[in-house]
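When the chains are written out, they are named A, B, C and D in that same order, and each has its own residue count from 1.
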Amino acid sequence: MRAVTTDLRVRYSETDQMGIVYHAHYLVWFEIGRTEWCRAAGIPYAEMERSGLYIPVTRVQCAFRRRSSYDDPIRVETRMAELRGRGCGFAYEVRTPAGDLLAEGATSHVFADPQGRPSRAPAGILARLEEFRSGPRGGSA
Amino acid sequence: MRAVTTDLRVRYSETDQMGIVYHAHYLVWFEIGRTEWCRAAGIPYAEMERSGLYIPVTRVQCAFRRRSSYDDPIRVETRMAELRGRGCGFAYEVRTPAGDLLAEGATSHVFADPQGRPSRAPAGILARLEEFRSGPRGGSA
Amino acid sequence: MRAVTTDLRVRYSETDQMGIVYHAHYLVWFEIGRTEWCRAAGIPYAEMERSGLYIPVTRVQCAFRRRSSYDDPIRVETRMAELRGRGCGFAYEVRTPAGDLLAEGATSHVFADPQGRPSRAPAGILARLEEFRSGPRGGSA
Amino acid sequence: MRAVTTDLRVRYSETDQMGIVYHAHYLVWFEIGRTEWCRAAGIPYAEMERSGLYIPVTRVQCAFRRRSSYDDPIRVETRMAELRGRGCGFAYEVRTPAGDLLAEGATSHVFADPQGRPSRAPAGILARLEEFRSGPRGGSA
(Lines give C-alpha, C1' and ligand atoms only; values in the text may rest on other atoms or scores of the structure.)
Protein backbone atom coordinates (compact mmCIF):
# COMPACT_ATOMS: atom_id res chain seq x y z
CA MET A 1 0.00 0.00 0.00
CA ARG A 2 1.13 3.48 -0.74
CA ALA A 3 2.50 5.46 2.19
CA VAL A 4 2.35 9.23 2.35
CA THR A 5 4.97 10.84 4.56
CA THR A 6 4.40 14.04 6.51
CA ASP A 7 7.10 15.86 8.47
CA LEU A 8 6.29 17.74 11.65
CA ARG A 9 8.07 19.27 14.58
CA VAL A 10 6.88 18.79 18.15
CA ARG A 11 5.26 21.99 19.45
CA TYR A 12 5.87 23.25 22.97
CA SER A 13 2.11 23.15 23.49
CA GLU A 14 2.18 19.41 22.77
CA THR A 15 4.41 18.59 25.75
CA ASP A 16 3.21 17.86 29.26
CA GLN A 17 4.80 17.97 32.69
CA MET A 18 6.40 14.56 32.12
CA GLY A 19 8.63 16.49 29.68
CA ILE A 20 7.40 14.51 26.67
CA VAL A 21 4.58 14.71 24.15
CA TYR A 22 1.17 14.32 25.75
CA HIS A 23 -0.17 11.11 24.26
CA ALA A 24 -3.43 12.47 22.81
CA HIS A 25 -1.47 14.66 20.39
CA TYR A 26 -0.47 11.59 18.40
CA LEU A 27 -4.09 11.40 17.31
CA VAL A 28 -3.77 14.94 15.98
CA TRP A 29 -0.68 13.85 14.06
CA PHE A 30 -2.68 10.93 12.64
CA GLU A 31 -5.28 13.46 11.49
CA ILE A 32 -2.55 15.50 9.78
CA GLY A 33 -1.36 12.29 8.14
CA ARG A 34 -4.88 11.65 6.80
CA THR A 35 -5.11 15.22 5.54
CA GLU A 36 -1.87 14.88 3.60
CA TRP A 37 -2.77 11.40 2.35
CA CYS A 38 -6.02 12.77 0.87
CA ARG A 39 -4.20 15.74 -0.64
CA ALA A 40 -1.64 13.40 -2.20
CA ALA A 41 -4.52 11.30 -3.56
CA GLY A 42 -5.82 14.40 -5.32
CA ILE A 43 -8.91 14.88 -3.14
CA PRO A 44 -8.14 17.32 -0.34
CA TYR A 45 -10.26 16.53 2.69
CA ALA A 46 -11.46 20.14 2.88
CA GLU A 47 -12.94 19.65 -0.60
CA MET A 48 -14.60 16.40 0.42
CA GLU A 49 -16.36 18.18 3.27
CA ARG A 50 -17.38 21.05 1.01
CA SER A 51 -18.94 18.47 -1.33
CA GLY A 52 -20.88 17.02 1.61
CA LEU A 53 -18.75 13.94 2.32
CA TYR A 54 -17.56 13.66 5.93
CA ILE A 55 -15.27 10.95 7.29
CA PRO A 56 -15.65 10.96 11.09
CA VAL A 57 -13.51 8.68 13.26
CA THR A 58 -15.37 5.71 14.74
CA ARG A 59 -12.44 3.93 16.33
CA VAL A 60 -8.82 4.70 17.16
CA GLN A 61 -5.93 2.78 18.64
CA CYS A 62 -2.35 3.72 19.27
CA ALA A 63 0.68 2.01 20.81
CA PHE A 64 3.42 4.30 22.11
CA ARG A 65 6.90 2.83 21.63
CA ARG A 66 9.36 5.62 22.39
CA ARG A 67 9.10 9.10 23.80
CA SER A 68 9.29 12.26 21.76
CA SER A 69 10.07 15.73 23.05
CA TYR A 70 9.73 19.40 22.23
CA ASP A 71 11.19 20.45 18.88
CA ASP A 72 11.91 16.87 17.79
CA PRO A 73 11.43 16.34 14.08
CA ILE A 74 8.70 13.75 13.51
CA ARG A 75 7.73 11.76 10.46
CA VAL A 76 4.22 10.37 10.04
CA GLU A 77 3.69 7.58 7.50
CA THR A 78 0.06 7.12 6.55
CA ARG A 79 -1.56 4.31 4.60
CA MET A 80 -5.20 3.69 3.80
CA ALA A 81 -5.49 0.15 5.09
CA GLU A 82 -9.08 -0.50 4.08
CA LEU A 83 -11.66 1.03 1.75
CA ARG A 84 -15.33 0.11 1.42
CA GLY A 85 -18.38 1.96 0.18
CA ARG A 86 -19.43 2.70 3.75
CA GLY A 87 -16.12 3.66 5.29
CA CYS A 88 -12.38 3.23 5.40
CA GLY A 89 -9.42 2.68 7.69
CA PHE A 90 -6.01 4.27 7.98
CA ALA A 91 -2.79 2.95 9.53
CA TYR A 92 -0.01 5.18 10.84
CA GLU A 93 3.60 4.91 11.86
CA VAL A 94 5.21 7.80 13.67
CA ARG A 95 8.98 7.74 13.35
CA THR A 96 12.08 9.79 13.88
CA PRO A 97 13.68 11.00 10.64
CA ALA A 98 16.21 8.19 11.17
CA GLY A 99 13.38 5.68 11.05
CA ASP A 100 13.01 4.72 14.73
CA LEU A 101 9.42 3.88 15.54
CA LEU A 102 7.82 6.21 18.09
CA ALA A 103 4.22 5.07 17.82
CA GLU A 104 1.91 3.13 15.55
CA GLY A 105 -1.83 3.21 15.31
CA ALA A 106 -4.96 2.93 13.26
CA THR A 107 -8.27 4.69 12.79
CA SER A 108 -11.60 3.47 11.42
CA HIS A 109 -14.02 5.81 9.71
CA VAL A 110 -17.50 5.87 8.26
CA PHE A 111 -18.58 8.03 5.38
CA ALA A 112 -21.26 10.44 6.56
CA ASP A 113 -23.39 13.29 5.32
CA PRO A 114 -23.23 16.79 6.88
CA GLN A 115 -25.78 15.74 9.52
CA GLY A 116 -23.59 12.84 10.57
CA ARG A 117 -25.75 10.11 9.07
CA PRO A 118 -23.98 7.14 7.45
CA SER A 119 -23.73 7.46 3.69
CA ARG A 120 -21.87 5.96 0.76
CA ALA A 121 -18.96 7.73 -0.86
CA PRO A 122 -19.58 8.61 -4.54
CA ALA A 123 -18.26 5.96 -6.92
CA GLY A 124 -15.86 8.40 -8.56
CA ILE A 125 -14.22 9.25 -5.28
CA LEU A 126 -14.03 5.60 -4.23
CA ALA A 127 -12.32 4.71 -7.53
CA ARG A 128 -9.78 7.47 -7.12
CA LEU A 129 -9.00 6.59 -3.50
CA GLU A 130 -8.68 2.91 -4.42
CA GLU A 131 -6.32 3.63 -7.26
CA PHE A 132 -4.13 5.81 -5.10
CA ARG A 133 -4.01 3.64 -2.00
CA SER A 134 -2.85 0.52 -3.82
CA GLY A 135 -0.23 2.38 -5.82
CA PRO A 136 3.52 2.51 -5.33
CA ARG A 137 5.11 4.09 -2.28
CA GLY A 138 4.40 7.81 -2.45
CA GLY A 139 6.64 10.80 -1.99
CA SER A 140 6.75 13.42 0.70
CA ALA A 141 3.59 15.34 1.45
CA MET B 1 -20.75 44.36 38.11
CA ARG B 2 -21.93 40.90 38.81
CA ALA B 3 -19.26 38.20 38.94
CA VAL B 4 -19.97 34.57 38.12
CA THR B 5 -17.59 32.08 39.67
CA THR B 6 -16.60 28.80 38.03
CA ASP B 7 -14.46 26.14 39.70
CA LEU B 8 -12.08 23.98 37.69
CA ARG B 9 -9.20 21.64 38.23
CA VAL B 10 -6.04 21.78 36.14
CA ARG B 11 -5.95 18.84 33.70
CA TYR B 12 -2.76 16.92 33.02
CA SER B 13 -3.22 17.77 29.35
CA GLU B 14 -3.05 21.46 30.25
CA THR B 15 0.50 21.26 31.59
CA ASP B 16 3.67 21.65 29.54
CA GLN B 17 7.27 20.62 30.00
CA MET B 18 7.89 23.65 32.25
CA GLY B 19 5.75 21.71 34.74
CA ILE B 20 3.04 24.38 34.80
CA VAL B 21 -0.10 25.22 32.87
CA TYR B 22 0.61 26.07 29.24
CA HIS B 23 -0.44 29.70 28.95
CA ALA B 24 -2.93 29.34 26.09
CA HIS B 25 -5.19 27.21 28.28
CA TYR B 26 -6.11 30.27 30.34
CA LEU B 27 -8.04 31.43 27.27
CA VAL B 28 -9.99 28.18 27.39
CA TRP B 29 -10.77 28.86 31.04
CA PHE B 30 -11.97 32.33 30.05
CA GLU B 31 -14.27 30.66 27.53
CA ILE B 32 -15.63 28.40 30.27
CA GLY B 33 -16.16 31.48 32.41
CA ARG B 34 -18.19 33.09 29.60
CA THR B 35 -20.22 29.92 29.17
CA GLU B 36 -21.13 29.84 32.84
CA TRP B 37 -21.77 33.60 32.94
CA CYS B 38 -24.30 33.24 30.10
CA ARG B 39 -25.92 30.24 31.77
CA ALA B 40 -26.21 32.19 35.04
CA ALA B 41 -27.77 35.06 33.08
CA GLY B 42 -30.44 32.66 31.86
CA ILE B 43 -29.30 32.51 28.23
CA PRO B 44 -26.99 29.52 27.72
CA TYR B 45 -24.52 30.27 24.96
CA ALA B 46 -25.45 27.02 23.17
CA GLU B 47 -29.00 28.38 22.90
CA MET B 48 -27.74 31.71 21.57
CA GLU B 49 -25.92 29.90 18.77
CA ARG B 50 -28.94 27.75 18.01
CA SER B 51 -30.99 30.97 17.67
CA GLY B 52 -28.39 32.29 15.20
CA LEU B 53 -26.49 34.67 17.50
CA TYR B 54 -22.72 34.08 17.60
CA ILE B 55 -20.25 35.95 19.78
CA PRO B 56 -16.78 35.41 18.30
CA VAL B 57 -13.70 36.78 20.05
CA THR B 58 -12.12 39.80 18.35
CA ARG B 59 -9.47 40.61 20.92
CA VAL B 60 -7.94 38.95 23.96
CA GLN B 61 -5.37 39.90 26.56
CA CYS B 62 -4.06 38.11 29.60
CA ALA B 63 -1.47 38.83 32.27
CA PHE B 64 -0.03 35.80 34.08
CA ARG B 65 0.74 36.56 37.74
CA ARG B 66 1.47 33.20 39.38
CA ARG B 67 1.97 29.67 38.15
CA SER B 68 -0.58 26.93 38.42
CA SER B 69 0.06 23.21 38.19
CA TYR B 70 -1.61 19.89 37.52
CA ASP B 71 -4.62 19.12 39.71
CA ASP B 72 -4.67 22.58 41.30
CA PRO B 73 -8.18 23.81 42.03
CA ILE B 74 -8.83 26.99 40.06
CA ARG B 75 -11.51 29.63 40.35
CA VAL B 76 -12.51 31.80 37.42
CA GLU B 77 -14.42 35.01 38.12
CA THR B 78 -16.15 36.41 35.06
CA ARG B 79 -17.79 39.79 34.57
CA MET B 80 -19.36 41.31 31.48
CA ALA B 81 -17.42 44.56 31.41
CA GLU B 82 -19.16 46.14 28.43
CA LEU B 83 -22.34 45.63 26.45
CA ARG B 84 -23.41 47.35 23.24
CA GLY B 85 -25.77 46.45 20.45
CA ARG B 86 -22.84 45.39 18.27
CA GLY B 87 -20.76 43.48 20.78
CA CYS B 88 -19.59 43.05 24.33
CA GLY B 89 -16.55 42.56 26.52
CA PHE B 90 -15.75 40.24 29.39
CA ALA B 91 -13.18 40.55 32.18
CA TYR B 92 -11.71 37.58 34.03
CA GLU B 93 -9.76 36.89 37.19
CA VAL B 94 -8.28 33.46 37.69
CA ARG B 95 -7.59 32.75 41.34
CA THR B 96 -6.76 30.00 43.77
CA PRO B 97 -9.66 29.02 46.04
CA ALA B 98 -7.89 31.07 48.75
CA GLY B 99 -8.16 34.12 46.50
CA ASP B 100 -4.59 34.53 45.23
CA LEU B 101 -4.57 36.01 41.75
CA LEU B 102 -3.10 33.68 39.10
CA ALA B 103 -4.03 35.60 35.98
CA GLU B 104 -6.33 38.36 34.80
CA GLY B 105 -7.54 39.13 31.35
CA ALA B 106 -10.22 40.42 29.05
CA THR B 107 -11.90 39.53 25.77
CA SER B 108 -13.77 41.67 23.24
CA HIS B 109 -16.51 40.23 21.08
CA VAL B 110 -18.81 41.19 18.23
CA PHE B 111 -22.26 39.81 17.70
CA ALA B 112 -22.39 37.89 14.45
CA ASP B 113 -24.72 35.80 12.34
CA PRO B 114 -23.98 32.15 11.47
CA GLN B 115 -21.93 33.29 8.46
CA GLY B 116 -19.74 35.42 10.68
CA ARG B 117 -21.11 38.78 9.53
CA PRO B 118 -21.53 41.51 12.17
CA SER B 119 -25.07 41.75 13.46
CA ARG B 120 -27.00 43.28 16.34
CA ALA B 121 -28.17 41.21 19.27
CA PRO B 122 -31.98 41.11 19.62
CA ALA B 123 -33.31 43.77 22.01
CA GLY B 124 -34.76 41.15 24.35
CA ILE B 125 -31.43 39.44 24.79
CA LEU B 126 -29.60 42.73 25.27
CA ALA B 127 -32.05 43.76 27.97
CA ARG B 128 -31.63 40.47 29.79
CA LEU B 129 -27.84 40.56 29.60
CA GLU B 130 -27.80 44.18 30.77
CA GLU B 131 -30.03 43.44 33.72
CA PHE B 132 -27.91 40.50 34.78
CA ARG B 133 -24.49 42.05 34.35
CA SER B 134 -25.21 45.11 36.46
CA GLY B 135 -26.81 43.08 39.23
CA PRO B 136 -25.39 42.03 42.59
CA ARG B 137 -22.47 39.63 42.91
CA GLY B 138 -23.64 36.24 41.68
CA GLY B 139 -23.29 32.80 43.17
CA SER B 140 -21.26 29.84 42.05
CA ALA B 141 -21.80 28.55 38.55
CA MET C 1 -14.70 -3.81 39.65
CA ARG C 2 -15.28 -0.48 41.25
CA ALA C 3 -16.27 2.34 38.92
CA VAL C 4 -15.51 5.97 39.69
CA THR C 5 -17.79 8.47 38.01
CA THR C 6 -16.70 11.94 36.89
CA ASP C 7 -19.03 14.58 35.49
CA LEU C 8 -17.86 17.03 32.85
CA ARG C 9 -19.32 19.49 30.41
CA VAL C 10 -18.13 19.71 26.81
CA ARG C 11 -16.02 22.84 26.31
CA TYR C 12 -16.34 25.01 23.22
CA SER C 13 -12.63 24.44 22.62
CA GLU C 14 -13.32 20.71 22.41
CA THR C 15 -15.57 21.01 19.35
CA ASP C 16 -14.44 20.98 15.74
CA GLN C 17 -15.93 22.18 12.48
CA MET C 18 -18.06 19.03 12.24
CA GLY C 19 -20.00 20.62 15.12
CA ILE C 20 -19.16 17.79 17.51
CA VAL C 21 -16.41 16.92 19.96
CA TYR C 22 -13.05 16.40 18.26
CA HIS C 23 -12.26 12.76 18.88
CA ALA C 24 -8.87 13.19 20.56
CA HIS C 25 -10.49 14.99 23.48
CA TYR C 26 -12.03 11.73 24.66
CA LEU C 27 -8.48 10.71 25.61
CA VAL C 28 -8.28 13.82 27.78
CA TRP C 29 -11.54 12.79 29.44
CA PHE C 30 -10.06 9.34 30.05
CA GLU C 31 -7.12 11.07 31.73
CA ILE C 32 -9.52 13.02 33.95
CA GLY C 33 -11.24 9.74 34.77
CA ARG C 34 -7.90 8.25 35.85
CA THR C 35 -7.12 11.30 37.93
CA GLU C 36 -10.42 11.02 39.79
CA TRP C 37 -10.12 7.25 40.13
CA CYS C 38 -6.73 7.66 41.83
CA ARG C 39 -8.07 10.43 44.07
CA ALA C 40 -11.01 8.22 45.07
CA ALA C 41 -8.53 5.41 45.81
CA GLY C 42 -6.79 7.72 48.25
CA ILE C 43 -3.62 8.24 46.19
CA PRO C 44 -3.95 11.39 44.09
CA TYR C 45 -1.90 11.04 40.93
CA ALA C 46 -0.14 14.37 41.61
CA GLU C 47 1.17 12.80 44.84
CA MET C 48 2.32 9.68 43.01
CA GLU C 49 4.39 11.81 40.66
CA ARG C 50 5.82 13.83 43.54
CA SER C 51 6.89 10.54 45.15
CA GLY C 52 8.64 9.57 41.90
CA LEU C 53 6.07 7.16 40.48
CA TYR C 54 4.92 7.95 36.95
CA ILE C 55 2.25 6.06 35.00
CA PRO C 56 2.72 6.93 31.31
CA VAL C 57 0.30 5.63 28.70
CA THR C 58 1.68 2.86 26.47
CA ARG C 59 -1.45 2.01 24.56
CA VAL C 60 -4.88 3.51 24.02
CA GLN C 61 -8.01 2.51 22.17
CA CYS C 62 -11.39 4.12 21.85
CA ALA C 63 -14.63 3.34 20.00
CA PHE C 64 -16.93 6.29 19.35
CA ARG C 65 -20.60 5.30 19.51
CA ARG C 66 -22.59 8.56 19.52
CA ARG C 67 -21.75 12.19 19.02
CA SER C 68 -21.48 14.74 21.76
CA SER C 69 -21.67 18.50 21.37
CA TYR C 70 -20.78 21.75 23.07
CA ASP C 71 -22.13 22.16 26.60
CA ASP C 72 -23.41 18.60 26.78
CA PRO C 73 -23.10 17.09 30.26
CA ILE C 74 -20.83 14.05 30.11
CA ARG C 75 -20.25 11.24 32.56
CA VAL C 76 -17.01 9.25 32.57
CA GLU C 77 -16.98 5.87 34.32
CA THR C 78 -13.50 4.63 35.06
CA ARG C 79 -12.38 1.21 36.22
CA MET C 80 -8.90 -0.17 36.79
CA ALA C 81 -9.16 -3.28 34.65
CA GLU C 82 -5.72 -4.70 35.40
CA LEU C 83 -2.99 -4.23 38.00
CA ARG C 84 0.48 -5.76 38.02
CA GLY C 85 3.76 -4.78 39.61
CA ARG C 86 4.99 -3.37 36.31
CA GLY C 87 1.90 -1.56 35.13
CA CYS C 88 -1.85 -1.33 34.98
CA GLY C 89 -4.81 -0.84 32.69
CA PHE C 90 -7.92 1.30 32.85
CA ALA C 91 -11.28 0.93 31.09
CA TYR C 92 -13.64 3.82 30.42
CA GLU C 93 -17.22 4.37 29.44
CA VAL C 94 -18.33 7.83 28.43
CA ARG C 95 -22.06 8.30 28.80
CA THR C 96 -24.79 10.88 28.85
CA PRO C 97 -26.24 11.50 32.32
CA ALA C 98 -29.19 9.34 31.18
CA GLY C 99 -26.79 6.47 30.60
CA ASP C 100 -26.49 6.38 26.80
CA LEU C 101 -23.06 5.22 25.73
CA LEU C 102 -21.07 7.81 23.80
CA ALA C 103 -17.70 6.09 23.73
CA GLU C 104 -15.77 3.31 25.39
CA GLY C 105 -12.09 2.74 25.58
CA ALA C 106 -9.06 1.48 27.44
CA THR C 107 -5.53 2.53 28.26
CA SER C 108 -2.46 0.50 29.21
CA HIS C 109 0.28 1.94 31.40
CA VAL C 110 3.68 1.08 32.75
CA PHE C 111 5.03 2.26 36.06
CA ALA C 112 8.09 4.43 35.47
CA ASP C 113 10.61 6.52 37.33
CA PRO C 114 11.02 10.28 36.70
CA GLN C 115 13.44 9.50 33.83
CA GLY C 116 10.83 7.34 32.15
CA ARG C 117 12.52 4.01 32.88
CA PRO C 118 10.26 1.07 33.75
CA SER C 119 9.99 0.49 37.48
CA ARG C 120 7.84 -1.37 39.98
CA ALA C 121 5.22 0.38 42.04
CA PRO C 122 5.88 0.22 45.81
CA ALA C 123 4.10 -2.70 47.50
CA GLY C 124 2.10 -0.38 49.74
CA ILE C 125 0.68 1.49 46.79
CA LEU C 126 -0.06 -1.71 44.89
CA ALA C 127 -1.96 -3.09 47.87
CA ARG C 128 -4.01 0.05 48.20
CA LEU C 129 -4.85 0.20 44.51
CA GLU C 130 -5.76 -3.48 44.49
CA GLU C 131 -8.06 -3.12 47.48
CA PHE C 132 -9.81 -0.15 45.95
CA ARG C 133 -10.21 -1.45 42.41
CA SER C 134 -11.88 -4.70 43.42
CA GLY C 135 -14.23 -3.00 45.87
CA PRO C 136 -17.93 -2.20 45.48
CA ARG C 137 -19.18 0.30 42.92
CA GLY C 138 -17.92 3.73 44.00
CA GLY C 139 -19.65 7.03 44.31
CA SER C 140 -19.27 10.22 42.38
CA ALA C 141 -15.80 11.74 42.08
CA MET D 1 13.59 44.69 13.23
CA ARG D 2 14.23 41.37 11.64
CA ALA D 3 11.16 39.24 10.93
CA VAL D 4 11.28 35.47 10.81
CA THR D 5 8.55 33.86 8.75
CA THR D 6 7.02 30.46 9.54
CA ASP D 7 4.52 28.67 7.32
CA LEU D 8 1.79 26.48 8.79
CA ARG D 9 -1.42 24.85 7.73
CA VAL D 10 -4.54 24.95 9.87
CA ARG D 11 -5.16 21.57 11.50
CA TYR D 12 -8.63 20.06 11.76
CA SER D 13 -8.10 19.90 15.52
CA GLU D 14 -7.67 23.68 15.55
CA THR D 15 -11.18 24.38 14.28
CA ASP D 16 -14.29 24.75 16.42
CA GLN D 17 -17.99 24.46 15.78
CA MET D 18 -18.09 28.00 14.38
CA GLY D 19 -16.23 26.41 11.45
CA ILE D 20 -13.14 28.56 11.99
CA VAL D 21 -9.93 28.38 14.00
CA TYR D 22 -10.56 28.42 17.74
CA HIS D 23 -8.98 31.66 18.89
CA ALA D 24 -6.61 30.21 21.52
CA HIS D 25 -4.68 28.36 18.83
CA TYR D 26 -3.25 31.63 17.57
CA LEU D 27 -1.23 31.68 20.80
CA VAL D 28 0.19 28.29 19.85
CA TRP D 29 1.13 29.72 16.44
CA PHE D 30 2.85 32.62 18.23
CA GLU D 31 4.81 30.03 20.23
CA ILE D 32 5.86 28.32 16.98
CA GLY D 33 6.90 31.72 15.66
CA ARG D 34 9.10 32.25 18.75
CA THR D 35 10.59 28.78 18.34
CA GLU D 36 11.56 29.47 14.74
CA TRP D 37 12.79 32.98 15.55
CA CYS D 38 15.17 31.55 18.17
CA ARG D 39 16.32 28.83 15.79
CA ALA D 40 16.99 31.44 13.09
CA ALA D 41 18.93 33.46 15.67
CA GLY D 42 21.18 30.44 16.20
CA ILE D 43 19.96 29.60 19.71
CA PRO D 44 17.20 26.99 19.51
CA TYR D 45 14.82 27.41 22.43
CA ALA D 46 15.19 23.72 23.35
CA GLU D 47 18.90 24.40 23.87
CA MET D 48 18.16 27.44 26.01
CA GLU D 49 16.01 25.33 28.31
CA ARG D 50 18.64 22.59 28.46
CA SER D 51 21.16 25.26 29.54
CA GLY D 52 18.76 26.33 32.31
CA LEU D 53 17.31 29.46 30.70
CA TYR D 54 13.50 29.52 30.53
CA ILE D 55 11.40 32.24 28.92
CA PRO D 56 7.85 31.92 30.30
CA VAL D 57 5.06 34.14 29.00
CA THR D 58 3.94 36.86 31.41
CA ARG D 59 1.51 38.68 29.15
CA VAL D 60 -0.20 38.07 25.84
CA GLN D 61 -2.53 40.04 23.62
CA CYS D 62 -4.05 39.28 20.26
CA ALA D 63 -6.45 41.04 17.90
CA PHE D 64 -8.31 38.82 15.43
CA ARG D 65 -8.88 40.56 12.08
CA ARG D 66 -10.09 37.86 9.69
CA ARG D 67 -11.17 34.27 10.03
CA SER D 68 -9.07 31.31 9.04
CA SER D 69 -10.31 27.80 8.35
CA TYR D 70 -9.20 24.19 8.16
CA ASP D 71 -6.32 23.51 5.78
CA ASP D 72 -5.68 27.21 5.09
CA PRO D 73 -2.01 28.00 4.62
CA ILE D 74 -0.90 30.46 7.29
CA ARG D 75 2.17 32.63 7.58
CA VAL D 76 3.44 33.82 10.96
CA GLU D 77 5.87 36.78 11.02
CA THR D 78 7.72 37.08 14.29
CA ARG D 79 9.87 39.93 15.57
CA MET D 80 11.59 40.39 18.91
CA ALA D 81 10.19 43.78 19.82
CA GLU D 82 12.10 44.27 23.06
CA LEU D 83 15.14 42.79 24.80
CA ARG D 84 16.39 43.49 28.31
CA GLY D 85 18.53 41.56 30.76
CA ARG D 86 15.41 40.47 32.65
CA GLY D 87 13.11 39.59 29.79
CA CYS D 88 11.96 40.25 26.27
CA GLY D 89 8.93 40.81 24.09
CA PHE D 90 7.82 39.40 20.74
CA ALA D 91 5.38 40.80 18.17
CA TYR D 92 3.50 38.65 15.66
CA GLU D 93 1.55 39.08 12.49
CA VAL D 94 -0.47 36.14 11.19
CA ARG D 95 -1.18 36.48 7.48
CA THR D 96 -2.39 34.58 4.48
CA PRO D 97 0.36 33.74 1.98
CA ALA D 98 -1.01 36.65 -0.11
CA GLY D 99 -0.30 38.97 2.81
CA ASP D 100 -3.78 39.62 4.22
CA LEU D 101 -3.64 40.17 7.96
CA LEU D 102 -5.52 37.53 9.98
CA ALA D 103 -4.34 38.45 13.47
CA GLU D 104 -1.66 40.44 15.23
CA GLY D 105 -0.42 40.13 18.74
CA ALA D 106 2.39 40.40 21.24
CA THR D 107 3.83 38.46 24.14
CA SER D 108 5.96 39.58 27.09
CA HIS D 109 8.42 37.24 28.79
CA VAL D 110 10.75 37.09 31.74
CA PHE D 111 13.94 35.10 31.83
CA ALA D 112 13.69 32.45 34.54
CA ASP D 113 15.63 29.57 36.02
CA PRO D 114 14.32 25.98 35.97
CA GLN D 115 12.41 26.66 39.21
CA GLY D 116 10.62 29.58 37.63
CA ARG D 117 12.49 32.30 39.53
CA PRO D 118 13.38 35.49 37.64
CA SER D 119 16.95 35.48 36.39
CA ARG D 120 19.15 37.34 33.93
CA ALA D 121 20.04 35.90 30.57
CA PRO D 122 23.80 35.28 30.10
CA ALA D 123 25.58 38.21 28.42
CA GLY D 124 26.64 36.04 25.48
CA ILE D 125 23.10 35.04 24.71
CA LEU D 126 21.82 38.59 25.09
CA ALA D 127 24.46 39.84 22.66
CA ARG D 128 23.56 37.23 20.10
CA LEU D 129 19.82 37.86 20.39
CA GLU D 130 20.38 41.61 20.15
CA GLU D 131 22.51 41.29 17.06
CA PHE D 132 19.97 39.07 15.36
CA ARG D 133 16.84 40.98 16.23
CA SER D 134 18.09 44.31 14.90
CA GLY D 135 19.41 42.77 11.70
CA PRO D 136 17.93 42.85 8.22
CA ARG D 137 14.64 41.15 7.37
CA GLY D 138 15.19 37.41 7.65
CA GLY D 139 14.29 34.58 5.34
CA SER D 140 11.83 31.78 5.73
CA ALA D 141 12.09 29.56 8.80
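Note that a residue touches a chain if its C-beta (ideal position, glycine included) is under 8 Å from a C-beta of that chain, and two chains touch if they have at least 3 such contacts.
Since the structure is predicted, the reported quantities are computational estimates derived from the model, not experimental observations.
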Listed pair (B-C, A-D or A-C) duplicating the B-D contact set, over half by residue number: A-C
Superposition rotation for chain A onto chain D, Cα-based, multiple of 5°: 180
Relative to chain C, chain with the most remote C-alpha centre: D
Chain centre separation in whole Å, for chain D relative to chain A (CA means): 28
Where chain A and chain C are represented by their mean Cα positions, the distance between them in whole Å: 25
Between chain B and chain A, distance of the C-alpha-averaged centres to the nearest whole Å: 34
Overlap residues in chain C, where contacts from two or more other chains coincide: 12-13, 17-18, 20, 24, 28, 31, 49, 69-70
Residue ranges of chain A in contact with chain D within the complex: 9, 11-13, 28, 31-32, 35, 44-46, 49, 69-71
Chain D-touching residues of chain C, taken from the complex the two chains share: 12-13, 15-20, 22, 24, 69-70
Partner chain B, residues of chain D touching it in the complex: 17-18, 20, 23-25, 27-28, 31, 49, 54, 56-64, 67, 116
